[in-house]
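Below: one structure in structure tokens.
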Amino acid sequence: MKPPFAKLLIANRGEIAVRVLRTCRDLGIKTVAVYSEVDRNSLHVRYADQAFALGGKTPAESYLRGDRIIEIALQCGAEAVHPGFGFLAENPGFAAAVATAGMAFVGPPPKAMAVMGDKIQSRQEMVAAGVPVIPGMTEPCPDPAAAAGFAEQIGYPVMLKASAGGGGKGIRVVRSAGKLEAAFRTASAEAEGAFGDGRMYVEKFLERPRHIEVQVLGDHRGRVIHLGERECSIQRRHQKLIEETPSPVIDAATRAAMGATAVAAAEAVGYYSAGTVEFLWSEGEYYFLEMNTRIQVEHAITEEVYGVDIVEWMIRIAAGQELSLDQAVQPRGHSVEVRINAEDPELGFLPAVGKLRNLRMPSGPGVRIDSALYRRMEVTPYYDSMLAKIIVHGSSRDQAIRRMQRALAELNVGGVKTSASIALEILGTEEFQSGVYDTGFLERWMAGGRPQREPYAREAAIIAALHRHHLARRRSIRRAGGGGLSPWVAQGRRTGWGGGGR
Amino acid sequence: MKYSIENRAGQSLEGDVVEVEGGRYQVRVDGETLEADFADVDRLGQCAVLLGDRSFGASVETEAGDETHLVVRIAGFSYSFRVFDERELAAGVLDSPGPGRAEVVRAAMPGIIVGVKVAAGERVEPGAPLVVLEAMKMQNEVGSVHGGVVAEVRVAVGQTVSAGAALVRLEPPTDG
Amino acid sequence: MKPPFAKLLIANRGEIAVRVLRTCRDLGIKTVAVYSEVDRNSLHVRYADQAFALGGKTPAESYLRGDRIIEIALQCGAEAVHPGFGFLAENPGFAAAVATAGMAFVGPPPKAMAVMGDKIQSRQEMVAAGVPVIPGMTEPCPDPAAAAGFAEQIGYPVMLKASAGGGGKGIRVVRSAGKLEAAFRTASAEAEGAFGDGRMYVEKFLERPRHIEVQVLGDHRGRVIHLGERECSIQRRHQKLIEETPSPVIDAATRAAMGATAVAAAEAVGYYSAGTVEFLWSEGEYYFLEMNTRIQVEHAITEEVYGVDIVEWMIRIAAGQELSLDQAVQPRGHSVEVRINAEDPELGFLPAVGKLRNLRMPSGPGVRIDSALYRRMEVTPYYDSMLAKIIVHGSSRDQAIRRMQRALAELNVGGVKTSASIALEILGTEEFQSGVYDTGFLERWMAGGRPQREPYAREAAIIAALHRHHLARRRSIRRAGGGGLSPWVAQGRRTGWGGGGR
Amino acid sequence: MKYSIENRAGQSLEGDVVEVEGGRYQVRVDGETLEADFADVDRLGQCAVLLGDRSFGASVETEAGDETHLVVRIAGFSYSFRVFDERELAAGVLDSPGPGRAEVVRAAMPGIIVGVKVAAGERVEPGAPLVVLEAMKMQNEVGSVHGGVVAEVRVAVGQTVSAGAALVRLEPPTDG
């Protein structure tokens, strides 16, 4: 089969660059890597057919240099550019510049990207397309009476938010009409004091919302389909940590309804390529949050359940091919992803750095690894902390969770702290196991002094002593045997007797 | 050889390791004697360990090249220890952080100081935030592991620090 | 969910022991490993909850010691024993002894195992059950006339085989009636000369047969289903090297027919657990070859395509659970497996030994690794040469093949020769790509002076020079810096000037 | 440094490697000059190599601890080389197997000799079977890599040999 392109440049690094590169190999497309100074030895460089230095260490000096990247792509004869995620992936100017230079941009039309990138414009477009958004005022209101009227319209509970707000100041949740006026006055006064602006908004308050998103795929003909939802409510600071599909709260009928809504959202902006429509879900209702106009970190769980390579379709569509899948595509089983981030969960998820010395990667039935890890890799502070993704697939949710627990038990990323340990703990909680969790779960659980499970504390201590003993013994053997010297000479040199040249 | 193994919480276990033959040991802890079989399989820290008939595929690393500071991971659970042998215990080489000892809190990565939450003389609890460090576009609270009394704050807001830079020095609380 | 057993002993080693152990973890079952002297540091030991030494190095001293294994299982409170494949897996005596000792044997009933283990008895049972076997005489015939009569019955071409035959002597293929008599006389004379016995058999001759097998699963109630076929015709010396499912020559109707035949074969012997019915397929006809009454090496490709964990079902069934799957189970996509054997394809697949120094394992979308490999593992001559299996899954055959090529390009097993390189070559042949191959293909192709594809010969030579240069430079740095000695002292010691203690 | 790189078929390539700066080289082969960038990333033989703008994730190992004997694997394709530097070439250290040189055929693994197919004085082609070794219940033909004239057969049928045992010694054919 003829490849969709002869050569493609990947304008990214790390795990996603390797991920895209692998699909290119599966399609027979030659790959071009670009790399910053610190990424010279990266897997995405080693596995590529050609590689070009961008220079620098920071994103601004390297992966954000759109002009330089386009120059390289033209120079080496690439026919297409895949931006991955982050960096230039949602930059409509870059997407347009790639097209202007005569290459295919592997992503959506720049116009759709621009509309969806603008909070206000996207909300207006979605309302016009009949996509549910979180009910709320579009203009600030000056007095409690107007607020009460609007609250009556959208129904309680509501949230009062300071127009100039930030940092949690001037925010009140109001659960009944009788309490609105007092709450408005104190919140408004608080906002006035804090920001010099007492104007307030009223918005629908969502109880324990879940973050559920829908994957869409569209082609240039205007055919758009969805590939079900992803449940992404295990978050801290709005960063997802564990994702699964199907969502424990979505049944087939809701899936079809949310899917149709996501397709309508995409169609409204003339979308093609892969994209994700994010929703907040609460008590059976769902509301448009935003659309991510790129491949997403957690796309792999959808691939496992639908048996579809989403990156492949992005590339085929960018080459003008028609989407041959239709909405009859069926999910099978359950998939879970854990992100392996370089960060210390015991110190507030502080980003961690270090050199990877002792790597052990899981494998076996139902386990997929999308990773950029290699032995002696240096984890630097310059880029996103995501190092790898563990993805599992099982015939049931229960099996998928157990497989993830098994995979995390096999994993060892030695030399840098990672989020793997906390993910393993979360998977074991009653909340996760039962599927009853929301976007606030992780932070509540961490703050609430989660139970410390330390099943091997004593054994680990004994192993530490054995290892220390072993290290000392190995060193003494090395010393004794080093360079063919007798133990006596080695001993002499170590203690400063005899030996020479120093 | 006798070892003192201390965990993060400052609890310690005394163990006596005697090599019976290559790779096989007798370990005595708390009056219990265990047969142990230990191999650093790949010389990178993947260890095959038998304690009696229980089997472990443990991952062991030294931290920051310090042989007394070991991280042991078993089935995804991670444990950090300080391990001292009897000679070191006799020589009193326990000068490093731990409860009841001085602690220097350092920047784990390069960044900019955007907040200082303590002043010299203040008493802080274990885990309490001391400094806010911005790195990778995220604000990170840097805390003390063991707590104590702030002896010195070495940085100020706006300052750029490199990885490993000393931020705050703590001393053990005087009331023990 | 309650595990089917609390604790299970795995009476095997290597890749299959790890494979079984992983499913046990997925089911919450504690695992007990047994190991020979050379396997002390193996992955199957490290990943188990408990481990017991069997002693010795040879199979007879270790994994074949059924009595000792049962003793260990009883001692540690195991409720079940999984035999893997090879060793005791098809030993009805061992299966019965496990049951007698009060534990569950994870496999079929000993009686079914015994019947299927006997070539003559199994053929008789299959004929009685209406399963097609290769038409042939059941008694030797003394003269050409009887042979001609039988040949007329089963149709040409036929094969004349010496009753006492072996080593290819006294064998003739006869394609028409006119040539039978002469062929009979010369073959019979040849047999008379070679073995002192001129009696001959007549059997149907299969043109370019393919080895195609069907996976079955049955429970104690007598429900038996099939999970489609596996195409295993890429063989040398009857050892499979590459397997795929679906077979390129089997359509849905044939799959259903072969599947029904395999189910009938299993039912005829009261089979439960997982098993494989092997067929020879030629020109649209298929014939029973034998039944393997155990899990098979290549089971994973069926798991990928059907989304079923076969080892899980073996365990559940052994615990008396009912098979909840039914024949409506549907395959999805295409899967290919390559066995990574320690052997040198350039020297007639001579088994290879060595220490694994430089491991690089593939990963990414569609790639599953079932492996017992680890860095510094010693490959010894004591056991089967299979070290690992690479299994890929794709939405089409084309995608699956490309993924396998990608995975093999990523793989490096440094320190021991493996079959990976020849597998990569085979995948690239026109025969494999078109799906037109039979069990004779690999040997014909190897013997026929296969084309040497050496796409990176020049680059590899340059890299060899760079590496040699690098090694010398690193050594000189180590020498200069080693032990704090000045380069002068180091130089002196190396050349024998000064230094002491030797 | 100049190198002579010889492949399995006995063809050789002359290369001149000059280090420009840490990890960057100029390589001259057959009059062509290439910019090269080379790193042994994990110190176990996983190498990141750029030759001009072409990128390679090569795996390199020495065979049997012999630094002149390198196996390079690129994208699954395996190449075996002998690499000698100019000093070794000048000193004539090419005493190891290769076309036109003596070759000792060894047992790759322990086993039992079940067949000897040649006798002293016989001339054999590259790859021709010399001895049949039974190991792992399989009969394996052991052949010569380069061929030559059988100088000595060191084993007999029925003999048990260990891994590495010399089986047959070959000398280069006298007619060149």
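As written, the chains take the letters A, B, C and D, and residue 1 is the first residue of each chain.
The working rule: contacts are C-beta pairs under 8 Å (C-beta built on N, C-alpha and C of every residue); 3 or more make two chains touch, one makes a residue touch a chain.
Everything numeric in this text was worked out from a predicted model, so none of it was measured.
A count of C-beta contacts for the chain pairs B-C and A-B puts A-B on top. Rounded to whole angstrom units, the spacing between the C-alpha centres of subunit B and subunit D is 48. Inter-chain spacing, taken between the CA centroids of subunit C and subunit D, is 31 Å.
Annotation for subunit D: residues touching 2 or more other chains are 44, 46, 54, 56. Looking at subunit A, one finds that residues 47, 375, 405, 409-410 touch two or more other chains.
If touching chains are joined by edges, the resulting network of the protein chains shown has some other shape, matching none of path, cycle, star or complete graph. By the definition given earlier, chain contacts exist for A-B, A-C, A-D, B-C, C-D. Chain contact summary for the complex, subunit C toward subunit A: residues 1, 18-19, 22-23, 25-28, 47, 300, 303, 307-309, 311-312, 332-333, 361, 363-371, 394-395, 398-399, 402-403, 405-406, 409-410, 482-486, 488-489, 493, 499-502.
The part of subunit C that touches subunit B in the complex is made up of residues 33, 40-43, 45-52, 76, 374-376. On the side of subunit D, the complex with subunit A involves touching residues 37, 39, 41-44, 46, 48, 50, 53-57.
Taken together, the subunit B residues at the contact with subunit A in this complex read 1, 3, 5, 7, 13, 15, 17, 19, 25, 27, 29, 34, 36, 38, 40, 44-47, 49, 51, 54, 56, 58-62, 67-68, 70-79, 81, 83, 85, 108-111, 129, 133, 135-136, 138, 140-143, 163. For subunit C in complex with subunit D, the residues that touch the partner chain are 237, 344, 347-353, 357-358, 360, 375, 381-385, 405, 408-412, 414-415, 420-421, 424, 453-474.
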